[in-house]
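So, here's a batch of structures to check.
Consider the two complexes below, in which subunit A is the common component and subunit B and subunit C are the respective partners.
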Partner chain A sequence: MNFIVRRVAQTLFVLVLMSFVSYAMMALMPGDPLDIACAANPRCNPENILEMKRQLGLDRPIPERFVKWAAAAVQGDLGYSRTYQRPVTEILWPRLLNSMWLGLLSSFVALVVAIPLGILVGVMPRKKIDYIVNMFCFVGVSSPSFWLGLMFIYLFSVQLGWLPAGGVQTVDGMEDLSGWAAVLDRLKYMILPVLTLTLLTIAGWVRQTRSAMIEVMSMDYIRTARAKGLAPVQVILKHGVRNAMLPVVTVVALGLSGVFSGAVITETVFAYNGVGKLLYDSILGNDYNVAMCAFVVSCAGVLIASLVADLCYAMLDPRIKLK
Partner chain B sequence: MFQRFAFVLSGAVLAAAVAVSPASAQDKKVLTIGISQEFEALNPVISQMAASSLIAKTVLRSLVTIDSNWKWVCVLCKELPSLENKLAKIVTQGKDKRLVVSWELNDAKWGDGTPVTGEDVKFAWTVGKNPNVSVGEKDIYDRIVDIQVDAKNPKKFTMTFKEPRYDFYQLGTFYIIPKHIEGPVFEKTKGTAGAYEKQTMFNSNPLTPGLYNGPYRVADLKLGSHVTLERNPNFFGQAPAFERVVFKLIPNTQTLEANLLSGTIDMISELGVAFDQALALEKRINANPALKKKFKVNFRQGPTYEHVTFNYKSPIVSDLRVRRALVQGVDRAKLVQALFEGRQPVALHNIHPLDPYYTDKVAKNAYDAAGAAKLLDEAGWKLNAKGIREKDGKPLSLTLMTTAQNKTRELVQVFLQSEWKKLGIEAKIKNEPARVFFGETVKKGIWPDLAMFAWVSSPDNPPRSTMHSGEIPTAKNSYGGQNGGSFKNAEADKLLNEIPNEFNFAKRKQLMERLQQIYAEELPAMPLYLRAEISVSPANITGYQLNGHQFYSTQSIEYWKLGGGAVAGR
Partner chain C sequence: MEWRLIWERFREHKAGLWGLWAVLAIALIAIFAPAIGAALGLDPYAQDILLRYAPPGNGHPLGTDEAGRDFLIRLIYGAQVSVGVAVLSTVASMIVGVIIGAIAGYYGGLWDAFLMRFTDALLSLPLLPVLILLAAMDFAKLPGLGLFFADGDASLTKMVLIFVLFSWMTVARLVRGQILQLKEMEFVTAARSLGMRDARIILRHVLPSVLPAVIVAVSLAVGQTILFESALSFLGLGIQPPLASWGNMLNNGLETLSAAPMLVFLPGFCILVVVVAFNFIGDGLQHALDPKSVKR
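Up next, the complex of A and B:
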């Protein structure tokens, strides 16, 4: 319990520190979007731009602006998006939910496929199946997500016409989908982005599980377990997998933390309205309220995931004591 | 077991999802248009994004606009005022001369049936000039000092302008918003900076029919995703052919193209594909008869022209002979042919060929490598043994800057570099991210010698911001000008001061022609090419055309139709 309290306090400290650093870096980036918009418009009045910046509080020192933002955020006032003029919650949450569904589904599929596959090839190294899976993994690891995404679009949307090329749901407004029809409609739009993310994730996780299994299966206690006459399945599952999962847990936990920050490239390629693209655009657009909120959520996701990973260590290995 | 279950489940989901796929053929009741740029809420007074303007033109109409022939025409007004038709007159009020203009609105109505009146015009002006409301082009509201609505006929009103300027009617970005809906919101928020922008009904309840006076009104709006429009039964003009129009945001241009080819979208708007992608797509369409039946790629010279601006603070390029040599030393005809297959023509100067003031009776600065070499010799830059020009022991080395990761600009840079190398000029490339380049370097005019970027030459718009010495950005004016190259010419200043006050078109044209001649003689910049406006449309669409100016094609959406005979457009 003491460990959890201490880690939560550490997490909060890191969050505040990272928030300030990212706020300051965003503010120090040269070229405000208002200036750039004005530069492209011969009718733009620069005095007007200065006045707009004053209204937005951009003429104040960075620490003062940060404190003002943080004080409001702590009280639950996340402010308005400078770009969209809508409350941050209204802009952020739907996209965060979209990203979470995408991330959770792809992580779930990846987990279900990658861990058993990694264990399988880990206990059968240098066998035919190991070579085949390894080849698949190398292809997966070295394929850029934008390329893979475009290939899927080309195959399943342009050539076969089976799946929509992008978006979150059908938006022609001609039919009002509800209930299961709406759920299935959304799932249809998720298939290609999930497939892209899953294939990329599977490749990494299989490699990680495989190498952990190979290492564990060569340990003395595995030999002892075998010498005791335990069935091979029991040796693998009870002694092998449990120990091999320690490094895998870290990788999977950090991978799952990405659920909160979205997948900017995949979301962009599939025009999937998620938080990754929003975070990227809000940083470029100096949309502080949105960027900071998305950043804090994503940072918190990473910190919570690493806390969960630490707790999992203790569950998997009783020798590890959390102090 | 679990894997098997997962596999079966995924298979079932895939099959079911594909099965519920809506019929692709909807008899084209819906037109789905792809855009690659973000949009915001559609309040035209405060919106700043180009995509918002594109969409807003389908739901909101302004008093006037520029048609596809680059002429100012009425949209919500009955007759365009002028001194000749006596709807505009110069009056003296105290010490000042003012311009009083009478307008009469047509029978336009808001989406809820309420007539559009002078009160709405006055309200839009009140909102636009309020210091607490952020407006990009506030100047358009600040020019007006008073609006009086006719008590007997609310469709009639007069505008009093601060200064008698010939361009008073250029109110294309003066949008009218409904007082009966937005009035109470503005009353509550007008005293607080930024409050109106947040609470405007265009933001809080964009589906309110009465917000719109165009051929469509908003049926669904999801920021970052799409806008669905439905026909506005109260539109004053021709009823549009499509029952619904959907604007779908697809930020990745390759995905945008894939969406088009897969039939997810029907067309790509002006804010869609890049030039090189459009050329490749056009070839692909032309090579495939099935695609050719479905789509066509449209190009039209846009108002944006690329140029290399010379920085007069550079001791090398401040010499006119060097500037002329740099321009004459580049075969720009070859450049546009090699890189753009001639689809983006060479720009002669800073005024567009479709502009009413355009003249080609100017110094052409045509390609002449020998003449360019001679000019450099005259300026004291002699070729050394290594083939580099030098003067007083210093090589003729210039820094050429532009935006990093802009493929087209980088190709042009390489072309310029190789052309100048033939003359013995070294061009060092130094590129910056767009944000730094425009936000710092161009804004403050601090590039060393040469900066390549683009200006918009909108119709009937004297280039004061880029050519007047009063527009040189300095720390004193908070870098508030756009003449970053520090071009100074007393005659140009005089002309730019006179032009807005000259109501006689023929005389004004003379002044503008002289200005173009000065540009071509003095060369504050090296004009490169006119950028094309591009879209991809259904092959059988009629009534659709690119405008090639700042007001998008969507201002004529009610005339768009698939198949059938040609129809008139705006």
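Up next, the complex of A and C:
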């Protein structure tokens, strides 16, 4: 229990620290909203800006402003978006849901493909299939995701015209769609982003699973299991996989961070309205209230995922005591 | 370990050797980019608005981009920036990592606790969002740093700085772990009893044993840095035009895709080749430097 409490406290501390640092960094971004507003108004002069800043409390030191922001945020008031002209909470929730669907689907696909494949090549290293899979993984972990996405768009949208190039759902005639038709429509828009995300994740996870399997299969207890006459399948599944999964679980749990934090690049390439794209758009658009929240949500996603990874590891490995 | 021996073992690793040749070839092209440009009579910054998306031929071997600039020479100059930024920042971050790791590991105690908490905190951050945030910052607004970020190539300095700030942690942990073990060894005690200063013990007796692991980590990190730089530049937050990097050449990718798909394919393919090459080198070095590793 002690371990869990300490780990949770540590996560919260890093999160608060991170929010503060990012809050301070936002002040260093180019393009002050007030300056922008002023530049659009010919009757505005520098004294007006100073007066406005004083009224809005923007002349206060950054720590003081941060405390005010955080206090409001904890109570559910995340501020107002400059570009969307709506409260941030209203914008954030649908984006979060979109990102979660994308993340869950791609993690699921990656998991179903990567783990069995990794086990397969892990038990037969240096065979032809191992070389082929290894080669694919090398290319997978080395390819820039945005380029992969663009290539898929070119192939499947521009050339073949099978799938939409970007977006979340069909905008025209959405009213007519309901139930399964709406779900299928959204799935159609998710195929390419999921393909891009999974290819990269699969490559990484297969490599992890493979090396874990190779290491475990060289252990003495595997030889013992074989020596006492167990069927090869049983040796692999009961003695090999169970032990090899330990490090893999951590990597997979860490990979799940994308479920909450969104995938900035993939979402941007496919114009998929998730948290990642929101973060990018709001930073470019000087929409600091939105950028702050999207950033903190992204950080929280990753921190929670690594917390889950640590807890999983501690629970699965009896050698690590939770006490 | 002796260099000849390392080279012999590295040569056994075919993929590593291929990676090395590929990186050397690209490095040569990047270094001689101005000479190549002069020989072909091409200028990476000369625009010709009337000649946007020109097909290959007619003085432009690979055609022109969205501003009518020659594509081939931009690709070559892009190698300079993309590989240069990555190699420079990785080497710099390696030095930072070695210093921090050595201090933490050798002195232990409070130093160790403080430095390693800091390292862990940085490691636990989501890299891409943090990099995006940092890249979007206007560094000239930072007090005291304005001078360095005032000129036209500010985005180069900024990228290197950002990557140094966020990639020293792996090396630091690696070095610390190794030094923790090594400092209990007899030869370190012997050196200390001879009255050597700490800095000399670390540099002469401890670091050489740590170096192999660091070199492997660094060669793998170069690939990662190239990927991150290209992603930031693709998003428009990294290397700023008119400078060409393989990432920012894809900045208009979606628009270019229908006009001239080759212009989207090639920069990304270059990134892929270089990153694969660096990863192969890392694999090969691991094989060459780690006596326990078995040839795959």
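Points worth noting:
Operating definition for what follows: the second predicted complex is superposed on the first by the 283 of 323 C-alpha atoms of A that agree within 3 Å, B and C clash if a C-alpha of one lies under 4 Å from a C-alpha of the other, contacts with A are read in each partner's own complex, and residues count from 1 in each chain.
Everything below uses one rule, namely that a residue touches a chain if its C-beta (ideal position, glycine included) is under 8 Å from a C-beta of that chain, and two chains touch if they have at least 3 such contacts.
Computed from a prediction, not measured in an experiment: that's the story for all the values here.
Among subunit B and subunit C, the chain that touches a larger number of residues in subunit A is B. Once chain A of one complex is fitted onto chain A of the other, the partner contacts of A:W147 are limited to subunit C, with no touch recorded for subunit B. By the touch criterion defined above, A:I283 reaches subunit C but does not reach subunit B. In the superposition on chain A, contact of A:V139 is made with subunit C only, not with subunit B.
By the touch criterion stated above, A:V158 is placed in contact with subunit B and with subunit C alike.
In the superposition on chain A, contact of A:L97 is made with neither subunit B nor subunit C. Of the two partner chains placed by the overlay, only subunit C lies in contact with A:L17; subunit B stays clear of it. In the superposed pair of complexes, A:G301 makes contact with subunit C only, with no contact to subunit B.
Of the two partner chains placed around the shared chain by superposition, neither subunit B nor subunit C is touched by A:L237. Of the two partner chains placed by the overlay, subunit B and subunit C both lie in contact with A:M29.
When the two complexes are laid over each other on chain A, subunit A has residues 29-30, 146, 150, 153-154, 158, 165, 268-269, 284 in contact with both subunit B and subunit C. Those residues of subunit C lying in contact with subunit A across their complex are 121, 124-126, 128-129, 132-134, 136-139, 141-142, 223, 227, 230-231, 234-236, 247, 250, 253-254, 257-258, 261, 264-265, 267-269, 271-272, 275-276, 279-280, 296. Subunit A contributes residues 29-32, 35-48, 50-52, 55-56, 80, 83-86, 91, 94-95, 109, 112-113, 116, 146, 149-150, 153-154, 157-158, 161-168, 170-175, 181, 184-185, 187-188, 191, 268-271, 273, 277-278, 281, 284 to its touches with subunit B in the complex.
For subunit A in complex with subunit C, the touching residues are 14, 17-18, 22, 25, 28-30, 125-126, 134, 138-139, 141-148, 150-151, 153-154, 158, 165, 257, 261, 264-265, 268-269, 279-280, 283-284, 291, 295, 298-299, 301-303, 306.
Those residues of subunit B that touch subunit A in the complex are listed here as 2-3, 6, 10, 13-14, 16-18, 20-22, 24, 26, 29-30, 32, 38, 40-41, 46, 48, 131-132, 134-140, 173, 193-194, 197-198, 200, 203, 219-220, 222-226, 228, 230, 244, 246, 248-252, 254-255, 258-259, 261-264, 434-440, 442-443, 454-456, 458, 461, 463-466, 477-482.
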